[in-house]
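Have a look at this one.
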Amino acid sequence: MTETLNRDEPAADELRPSVPDPQSAPSLLARWSKWLGRPVAEPERGDEARPLSAREASRQRSLLQPCFQARLTDVAANRAARSWQEQYLAADAPRRGAMLEVLAEVGASAGPAADKTAADGASDLPRALSHARVRFFKRLNALPDGLPFLLALRTDMLEWRSRIPALQGLDADLEGLLSNWFDVGLLELRRITWDSPASLLEKLIVYEAVHEIASWADLRNRLDSDRRCYAFFHPRMPNEPLIFVEVAFCAEMADNVQLLLDEGAPMENLDKARWAIFYSISNTQQGLRGVSFGNFLLKRVIEELNAELPKIKRFATLSPIPGFCAWMARLGRDELLAAAGKPGAALLGDDDGAALAARLRAAADPPQDEGLQALAMRLAARYLVARKGPLPLDAVARFHLGNGARIERLNWGADLSRKGRSQSASMMVNYVYELDALDDNLARLSEGRPAMSRGVSRLL
Amino acid sequence: MTETLNRDEPAADELRPSVPDPQSAPSLLARWSKWLGRPVAEPERGDEARPLSAREASRQRSLLQPCFQARLTDVAANRAARSWQEQYLAADAPRRGAMLEVLAEVGASAGPAADKTAADGASDLPRALSHARVRFFKRLNALPDGLPFLLALRTDMLEWRSRIPALQGLDADLEGLLSNWFDVGLLELRRITWDSPASLLEKLIVYEAVHEIASWADLRNRLDSDRRCYAFFHPRMPNEPLIFVEVAFCAEMADNVQLLLDEGAPMENLDKARWAIFYSISNTQQGLRGVSFGNFLLKRVIEELNAELPKIKRFATLSPIPGFCAWMARLGRDELLAAAGKPGAALLGDDDGAALAARLRAAADPPQDEGLQALAMRLAARYLVARKGPLPLDAVARFHLGNGARIERLNWGADLSRKGRSQSASMMVNYVYELDALDDNLARLSEGRPAMSRGVSRLL
Amino acid sequence: MTETLNRDEPAADELRPSVPDPQSAPSLLARWSKWLGRPVAEPERGDEARPLSAREASRQRSLLQPCFQARLTDVAANRAARSWQEQYLAADAPRRGAMLEVLAEVGASAGPAADKTAADGASDLPRALSHARVRFFKRLNALPDGLPFLLALRTDMLEWRSRIPALQGLDADLEGLLSNWFDVGLLELRRITWDSPASLLEKLIVYEAVHEIASWADLRNRLDSDRRCYAFFHPRMPNEPLIFVEVAFCAEMADNVQLLLDEGAPMENLDKARWAIFYSISNTQQGLRGVSFGNFLLKRVIEELNAELPKIKRFATLSPIPGFCAWMARLGRDELLAAAGKPGAALLGDDDGAALAARLRAAADPPQDEGLQALAMRLAARYLVARKGPLPLDAVARFHLGNGARIERLNWGADLSRKGRSQSASMMVNYVYELDALDDNLARLSEGRPAMSRGVSRLL
Amino acid sequence: MTETLNRDEPAADELRPSVPDPQSAPSLLARWSKWLGRPVAEPERGDEARPLSAREASRQRSLLQPCFQARLTDVAANRAARSWQEQYLAADAPRRGAMLEVLAEVGASAGPAADKTAADGASDLPRALSHARVRFFKRLNALPDGLPFLLALRTDMLEWRSRIPALQGLDADLEGLLSNWFDVGLLELRRITWDSPASLLEKLIVYEAVHEIASWADLRNRLDSDRRCYAFFHPRMPNEPLIFVEVAFCAEMADNVQLLLDEGAPMENLDKARWAIFYSISNTQQGLRGVSFGNFLLKRVIEELNAELPKIKRFATLSPIPGFCAWMARLGRDELLAAAGKPGAALLGDDDGAALAARLRAAADPPQDEGLQALAMRLAARYLVARKGPLPLDAVARFHLGNGARIERLNWGADLSRKGRSQSASMMVNYVYELDALDDNLARLSEGRPAMSRGVSRLL
């Protein structure tokens, strides 16, 4: 069971329930372009690979094949790898597709060293690492800009994977290597402040996935002396945050995000603060899908804050409920009745899920109708504990409950932004992190009984 | 063939043909002790494990078992790992032996995730990385001081491996992980100068394995403005060089080490220098045995020097021949005759190898007898091309020829130190690195024909 | 003559002809407030000192008097100075006025060490430095935050100087000390880029005095890779630029500022650029009035650029002509006729200066009337060479001509901002810096013949 | 009185009572040579200036004269200054003497700006700073390496001052400027540790003036984790300590230096330490003679230690008594009798000072004769309170008493080195620093009653 949980850990990008439309968002490769100091083509979704001529394909093969071979000295192979890397960066999306097809073909014919199996007895790792594909990626990694290039390459591979099935094996090997190279033991936790380089802060604006950063003034407010922002960095990419969390301090557990984002609000008095509120967590690297930092980041930040601000005793999130309205709209009449329970049935009228969702959208903001509020909160609680297989249905709940947190409180009118209203009827939820309860909470989750406060359980 | 070469790449510590007696040398763990800021027991060779009581062993098992289990949230498991780490660091060698026995036992019963095989098709890596032993080491790596602790742990495991066979699987997994975590793409090449921290320079004195650093004045001479010293560092161990190379610049290819180490010698005029001489390469981390940096280091340094000092066109080593005299002393009369060849036979008299070795030792320093010199150089050339299986017999030759270098010149009287005289009758050898020839040289080596200059081939 | 020039060097704030209304601008003290991390009262222009009670005044005297005394050990005096500093920072403007009155009174009764004169023969400096007022300021300087506090104090002293004449002596001593402590030999030239801390870049936005920085995007454009920004910093105030200059590179000498400030303009091709254009120089510290960096900054930047970008051969400003329209409006009919010269007279009609200024303001933007343009340019050239005593009348001309630059070209329609149109009928001027001509140009200036190009001299 | 004290503050080099023979010591200029990265001639004591030819002298004058002139733009003058600087650095000592003669001649004819007097009323500083000599030094300071060059130049000027009287005025101006440029408010206090650059630590070995550093192992012992070493640095000379102090921590006030310097002694347990012992203070820059840092350094270090190690409550020195034996040897019979007092007279026998000094030297080490010990300690106490004019006779006492410290204890056998035995019959003295008593102690000193413990006063 826990195995399963581990394996199905929320994918890196599920933390960002509202990733902006990839067509309009500045793409990862555009950012690499800046990073590398030279223009880089952006693949476009839906592009078709533009077939290479036989001669070109043959040239590509000649470049790639030595890169997969094992030679202790490999001047020629490294030059070939460098050359392939440069061609790849200069290519547009359709050509990249074609280059990936050749890569997949060459990679498919590669294998592990023939003599590895027996020697190492019970361990599979030496044999797996002796695989020619592993050697290929390690060769790329050793080039200048190698690591960020591999992240860009994997971003593309994930994009093209469905169209080029032979990429699967390559992707599995690359994900394995990246999970080692980005092992949390190798990462550095750094605080980001208003004294950080502007070029770094600009990335927060781009990457922030939960509550959009509207301006530099908004950003400055989030980095004020009554806030904290922490990120993990890889030592070979020192100006590229991998994941970051924004923290506010409050005397009480925060119940709405408007106040937290209000640039005009007075500074919190840190002497009186008892709660640290994680109000935004954003992953940044699509190329690291499947490699998870979030759980570890939160625990490291809790340790840091315990040491620096001993008066802060309690830790909670203020989190979106991204799938609630969409889930409700899919409910038929009977399901809705079941979910609303007896006290809710009366308030439902004849609505099915879609009709109720429409009613909530049409209501004032936030709806003044207490019955409607009570019904919506009851349904939201029901949604938060809904499962898909053994795991919570909601991506954010899956992440925090999977970390061992507890569902603490539903907050009405907590996010009045357009996104908040359309996704979750303006509700948000607090998940509480108590270090000593995390293991138990997780054990209960694997038995199908997620941890929750009395207040929330009463809604069920 | 090249596969084989790659696999049997000279082990990290074979580069140091004259590692001082481990009993007297400051041990790695003594250094970790400083690094960690607390005392650390040193294992002693030949120690026997001191059996744990049944109760102690059971406690150890209770600590270790959760460390191998997979839970996304693992507060308790991390505390257990921390506790085990602290007990291990505080233990003396016999107790460590016993702790390793329990570790091997627990590790042996661990396995990969049951459901990993099918999913990933052709790639073994995900399954290998899902192994519980991998999880254990990653857990340790995430602790503070995790990476240096793992190096210390592996140093011990290598020591105890022959006495505790079940450590094999653990060691294979740990070596695999370390080879990724210390991938050259993650390392930093840094120049070490007289402006580097004294605490770092002190380590060069401790680790230098080829030509002992006699004093701070000797060290300063090696770091003068007419020299270079480069090392690889891991970003998580920023003050711990992993491997370092010392470079001198000369107008001609250096033919003896006395001049290079003479603190009173005048500064080289860099304007007139055309040769860079690598006169010492030392690995430092026993815990990284099997993970190779030397080949890559030399190529990176050649690139650096090409960029900084374009007048330096040629790159060579001035290397010891550590096994020569011992090899000769083992030769019977017939083998010796064969090795000496016709021109040498006349000079041999009735000697067998042992007698000739004794004669060389008894001769003046360097022997003035031209016949003796000619004979010894002929035999040395023969020794350098001798093989053990497919690989060069001499550890240093194995390293440089395996990198694609060429045997360039034998130098008589090149190392008059006691070690130089007793190991190689005072001879040293130059290996030349020509970037564009490395691949070809290596191909010839794999066909049994190591690259060598005309001068050396004439000696054969 | 040169003495005179030196003495009357354009005051620090004259470089900013259009300093925004001090009432509305963020005051220096507001910035210190951030710098010091605590609130600081802002003096208001026109404030009257609020008299202290006799008891308060007596307490102030007791604090200040020991601060002026010489004792090698001065624990008590330093505590008194610290206490006075804190009271001063906490005081509002009227109270500060009163505190400065007491300070002036105590300072007036202090003097140099009695025995200093004879001993040092021809040097006045030891005696001047032995003055008790010097000791007072050195004592303040040795406190934490001492140097920025002294700058804030002097800013206030300059404000109150007209109302408290006894501050003159104190101010003269403090200016002397600051001129030493901010000696250019102690300053650091640093390039400011988009990788600089956001908190530092924010100061550029606040301090920029010539062409207002409208947004972070505007700022980013000015720090792009085809631009440069350099500033002097004092090592004790490492995040506080003292003066900064913004540089653009062009293939030709720039003739309008719109293009330079256009965020959408394509990047300059640095390979084709031959000109470096200084398009904005801003002093930042009112407390350093009388201490000049500008001349030195430009020469240091020219040296830097010569070394980094050898293709850049020519250096010029694109400068405002801040006093032109105001000067013209003050001209009577006869003066105007004289200034316009014969070719201009015909174009004048019956206008006096005020009428002509009104006509220019009413014209299209830029005026399409060629006659009007020719007239205005002729008058502007006349204005640039006008003098007040021995020095150029226009503050910006005074600065650049005083540095040895040459008037190169008048540019019509060069600054279409509201400020540019109202101050100089949208004209700007290029001053050219040729290192080898600076001394000669200055010599000519002191003879009343400022250096100018043939084009400009033809306008006269 | 306090004025006088202040003025006659112990000269920088008097803190080093036992500066090694300047002939054999590595000279300041040799160090600048390294610092500047090029060879620099060393002046030799007793050298005579080698007269310049009339043509050379005239060329020198042509170089120097523009350097003294005031021009806002001064490209030519700065080039002349640069050229003079380079000639000076390349010159040998006799030529430097001649160059200084020309410099003195040119400097003597320079003066302050004619128009400065009246304008500034009561302040002499503006006029003093307008002096052409000040301008000359500021011009040199603005050159690359300007500040270290000025220190080297002043070192020479002090050397040649007696032979070239006209250097007096130049020296007075330069000292005044240096006292501002090295104002303690501009300096940085930094801790020096074993992690500091070896090139910096090497300077400690060279500069240490009190207890010679015998080896790197000795140095390492002084920088161990149970010790502290602090130095002042100027931001423009970041690798050049100006003054440094070595601190040990003890449970009791240290009574001998052997234990402190014993490399084999066990680490102090910082938890049990209550005393910080300043056992060595060394100035490093002869060119800063007359500019004092020691008093300020000790107080800053006391503040640092109060903050970092609150258990350390008491601060004392363990200081040499450098002039004791020499003073005693000069005493005639009557003076000696007077100094020894009644109890001492009996122990004297017929000795005069010289005889007694010889007796002490001939005695065992330390003398076992209790009478002799009692007599010597009585005389040493007498010596410590002896005055020369208003100030303590002993240079070290002058420094510490002038800082407000108290004579706490005489320690017999406290320095058994050759120097210790010959200078002070192996005695050392503790001076105690109590921050709150410093001012009072100084006031008493100025009345001729230096502060001392009851134990010491009993010896009188």
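Going by the order they are written in, the chains are A, B, C and D; count residues from 1 in each one.
Please note the rule applied: a contact is a pair of C-beta atoms (placed from the backbone, for glycine too) under 8 Å apart; a residue touches a chain by one contact, two chains touch by 3 or more.
Just so you know, these numbers come straight off a predicted model, no measurement behind them.
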Between chain C and chain A, distance of the C-alpha-averaged centres to the nearest whole Å: 50
Euclidean distance of C-alpha centroids - chain A vs chain B, Å: 41
Mean-CA-position distance for chain D and chain A (Å): 62
Length of the line joining the C-alpha centres of chain B and chain D, rounded to whole Å: 50
Residues of chain D engaged with two or more neighbouring chains: none
Pairwise touch network: line, ring, star, complete, or other: ring
All chain pairs that touch each other: A-B, A-C, B-D, C-D
Chain C - residues contacting chain D, complex: 2-7, 9, 69-76, 108, 112-115, 120-129, 131, 133-134, 138, 141-143, 146-147, 168-169, 172-173, 175-177, 179-181, 183-186, 188, 235-236, 295-296, 299, 402-404, 435-436, 438-439, 441-442
Residues of chain D touching chain B in the complex: 194-202, 216, 220, 239
